[in-house]
Amino acid sequence: MNSAILAQVLVNGLLLGGLYAAIAAGFSLVWGVLNVVNMLHGSAVVLGAYAAFFGWQLGINPFLAALAIGPAIGLLGWVVQRFIVQRVIAAPVLITLVLTFALDLVLNNAMLAAFTADYRKMGSVTGLPPLMIGTVSIPADRLIAAVLGIVATFLVHLYLTRSRLGRAIVAVRMDQETARLMGVKVEHIYALTFGIGLALAGVAGCLIGAVFPISPLNSGGYLGVAFVACVLGGLGSVVGAIVGGLVLGVVESLGSMLIGAEYGVTVAAVLLILMLLWRPQGLLGRAGYD
Amino acid sequence: MHARLQGWVLPVAILVIGAIVAYGLPIALSNQTYLLRLATSLALLVTLASAWNLVGGFTGYPSFATAAFFGLGAYASAVMQQFGWSALTGYATAAICAALLSAPFGFAILRLKGHYFAIASLMLVSILKEVTTGWSNVTGGGMGINLPGAGGDPLAIARISLEILVMLAAFSVALSLVISRGWLGFGLSCIRMNETAALSAGIDAPRLKTIAFTISSAICGVAGAAYAGWIGYIDPSDVYDVMWSVRPIIAALIGGVGTVFGPVVGSLIYLVFEELMWRNLLTFGTGALGVLIAILVLVMPGGVLPSLRKGKVS
Amino acid sequence: MTALLELQGLTRRFGGLTAVNNVSFSLDQGEIVGLIGSNGAGKTTLVNLATGHLQPTAGRIAFAGYDVTGKTPYQLARLGLVRTFQVVQPFMQLTALDNVAAVALFAGGAADMPAARHDAQACLERLGIGELANRLPPHITLAQRKRLELAKALAARPKLLFLDEVNAGLNSAEIDGVLTMIRSIAAEGVTIVVIEHLMKVVRGLCRRLVVLHQGALLADGQTEDVARDPAVIEAYLGTRGAAMLEVSPP
Amino acid sequence: MKQLSIQNLSAGYGDVNVLYDVSFNVPVPGITAIIGSNGAGKTTLLRVLSGLIRPSKGSIQLDGATLESLEPDGFVAAGIAHVPEGRRLFAGMTVEDNLLMGAFSRKVAKAEISRDLDEVYSHFPKLGERRYQDAISMSGGEQQMCAIGRGMMAKPRIMLVDELSLGLAPVMVDVLVAALKQLAANGLGLLVVEQDVAVAFDLADQVVIVDRGRVTKTGSSADVAADPAIRDAYLGEI
């Protein structure tokens, strides 16, 4: 296995990792702050991808469309949390998992009914030739998508650490009752966080739609990615999601080359379980952080 | 002596009633295929829900691994029968395979808590599904397996399957009652309430949790084998469907997680809802199921029977 | 006579933070030792290491002559190395009797559940809360829950008992009650380590003090000497604390 | 005379009642200490006075505004800050971020907020030195300073402090007592739950004794200390 192929596989992995970061960041934020594992997350990514696809058919560039699609799906997230998830917010793990699983059944099957299961693909978005570095070729669309994925994630990180509401989100994550004592309305923060989480999923959907074929059947795969990258990076850590996404991207593309693409999920799943046993707080996370 | 004797009466009674129903019901329903199907589905759900309850209810660990061992059992039995072994050997292999995988895997992931454990257990389902699909020369991969016995008289198969699954359900409930009354159940409930304090009280939590997980998985494996015999054809996307993990949880939630008879009552109520829903919303089937589950979870997280064990273990 | 418990170079790090830093001391049968130090000095971490709840980064633990480093809490509990918790941790849905019976069954060597309940009732009566047998923990007072915690520790037939701030939150009268209980347990030959902030309790019980400061051993000696040690006064006791300790225990 | 007036307050958790008909006033400025054994209801009282628990009966008034039916953010807006038991600083955030969270409910210009920060740093110089350090990596005493500073950032009229000295080295408690006296001198009203009776009498000018959910005695610290019945029940240690 000479170095040229290895270099290409690593680059492909990193490009994939940029998208995975965007998928995982929103999921990790919701899990960290609301202690809710949002099984709906995969379908939200698919929804974003279809919205971008239909926009593309109307001639709108998916990367630009993400600026509108993200907030729109974020609003949907805000509504779902405020009127449904909030009712079981203090329930045990089992209840919130099964509830969001049921909501995913509804959203996914609605999309299957509306869009059918067959795959759709956008043509080249920017039309630029691939970037060549030595023997490694980097398709323009995939590079832009990966970079935008990481940028979107980092913007959320800045929001969390620099802004008043962002700081309140972290405060609610760390000690909800004491955040209340500071005058924070925790229910509003939950809805806002869930909205940001799904907005990021929507943006990730647009980026993926620009590069890969899409179908409602992918939602399980995206959810798996969110699980693994989020745990790799450290629960609740948005920056950790970037690291987790990149590591997963590289491991997956190496794995599919060495073992075969059909065992992709197994490679990722085994990596997740080993991570959970060895460092549940993630590569970056500090012990006892979550 | 009195308590010890009294302790065994109820579990034995359950097994006897189970045997009577297992023998009588197939004859009573003899050719009504719809009722036979409904009764067999109920027996299957009671088995899975009661087995899940050992881990999710008694021990308080939210497991989503039921579908993994259910599918593993179905394939273990189907593969054995494909190579000419009897159905009975198939069931034994299913139980052994499920136990051999669940013991080490359980011991590892039972060190995790809450969401982490739930996700790790859910991941096992996708791992086994992918490995089974990939190992096509043995499992037939995506094409699935037709069980040798499938060609026989469908009514006879339906009746035998009902008999087997009713016996399995009775065994599952009786065993869960015995466990709940013994030292194992007492230790598991201490672990559920406060694992740190349980460790300090001298409870070997890792061992107890693994025992519960292994018993539960073995029962699910045999249930998978029985399901394969009943349906006659299996493929990975059917037997490893996550719904096999979710339905038993919903049933236990409705009936009362952590109680012995909650899963039984919950299974009946859930199946009534599912049949009604399925009857008239065919096109949007799974979506409607999602709405149903969401409503059930939002309305009765506490469960019909007292959800958590109140007071001391009798 | 070998020491009952021997800690050698015990260290535990959490990432960059060294919570317990190379601590060594030993305890002999029948001693009542005070383990003091300000919040964050590493007292509870040390107890967690000694009782198996945490694995040490470095160092060795010997109990009754055997190396028990790395053993689990339940193995140590069965050997008689028992602890109470700083924040009381009862089994909320079990009655007081069954809380103690659990320990009697799994650590105290009771043959079966009826035997465990029998031993448990004896332990409750020993702590003066026999009449609370069928009450659930949420429905008894904090002082009674502290005695329940002591009863659970007794049910494990302890040789060494770590009492982690068992008096926190009690008023003077309640504290006196608990002190008499501790003395009667010690009188039966159980070695006791008292982790405490209340100087009144430390003075009343302990002839020997081990002082931790920022994870390291600051002092280990007779209570009167430690009370006059300038390093201890400056780091922990302050003038008021030292005065409290001056009066030597009865 | 400005004060927080508490009239016939009863409260509890579900059906378990903890506070029975509690009435007393907290003068502003000034320091009032609450003593009594745990389980007597001290912490529950503070949680009612910060809006975390809704009282079943009775009223809470500050400058004519009635507060008992408000959510915690209403209490903060009315000028009541709460320094919780165990300090409970926000992990994963720096000292400064924790202090800024104290000012969350104040919708004022950034300049004013940074002026308030400087005031806290002048009051607690050690916090200034460690402003960009993780708040929970500091020692117990420094964390208590930060928690008090966080309360100051809300510019309250009344500050509730739950268990000032619990778990702290006596030498640090002396520093914190001096700091609170300084705040009272600057016009703040303080209600401090204190388990160490000696510290309570040294700190407060008014003392309220709570026993099994009832106020058994209120008065100036001198009068209460002189009362023989109180002396042996609580003052055994001095």
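Just so it is clear, A, B, C and D label the chains in written order, and each chain counts residues from 1 on its own.
Quick note on the criterion: a residue touches a chain if its C-beta (ideal position, glycine included) is under 8 Å from a C-beta of that chain, and two chains touch if they have at least 3 such contacts.
It should be emphasised that the depicted structure is a prediction, and the values quoted were computed from it without experimental measurement.
Taking each chain's centre as the mean of its C-alpha atoms, the one that lies farthest from the centre of subunit A is C. In this structure, the chain pairs A-B and A-D differ in their number of contacting C-beta pairs, and the larger number is found at A-B.
If you average the CA atoms of subunit A and of subunit C, the two centres end up 47 Å from each other. Computed centre separation for the pair subunit A/subunit B is 33 angstrom, with centres defined by C-alpha atoms.
One finds 53 Å separating the Cα centroids of subunit B and subunit D.
Put simply, the C-alpha centre of subunit A and that of subunit D have 43 angstrom between them. In subunit A, the residues touching two or more other chains are 286, 288. Within subunit B, not a single residue touches two or more of the remaining chains.
Annotation for subunit D: no residues touch 2 or more other chains. Residues 17, 38-40, 138-139, 141-143, 168-174, 197, 199-200, 214, 234-241, 244 of subunit C are the ones that touch subunit D when the two sit in their complex.
Those residues of subunit B whose C-beta lies close enough to touch subunit A in the complex are 56, 62, 64, 108-109, 111-112, 114-116, 118-120, 123-124, 126-127, 130-131, 133-134, 242, 246, 249-250, 253, 257, 283-287, 289-294, 297-298, 301.
Interface residues of subunit D, counted against subunit A in their complex, comprise 50, 52, 71-73, 76-77, 82, 84, 88, 90-93, 97, 100-102, 104-105, 150, 154. Per the touch definition, subunit C reaches subunit B in the complex via residues 51-53, 72-74, 77-78, 82-83, 85, 89-95, 97-98, 102-103, 105-108, 112-114, 136, 152, 156. For subunit A in complex with subunit B, the touching residues are 31, 35, 37, 84, 87-88, 91-95, 97-99, 101-106, 108-110, 113, 220, 224, 227, 231, 260, 262-263, 265-266, 269-270, 272-273, 276-277, 280.
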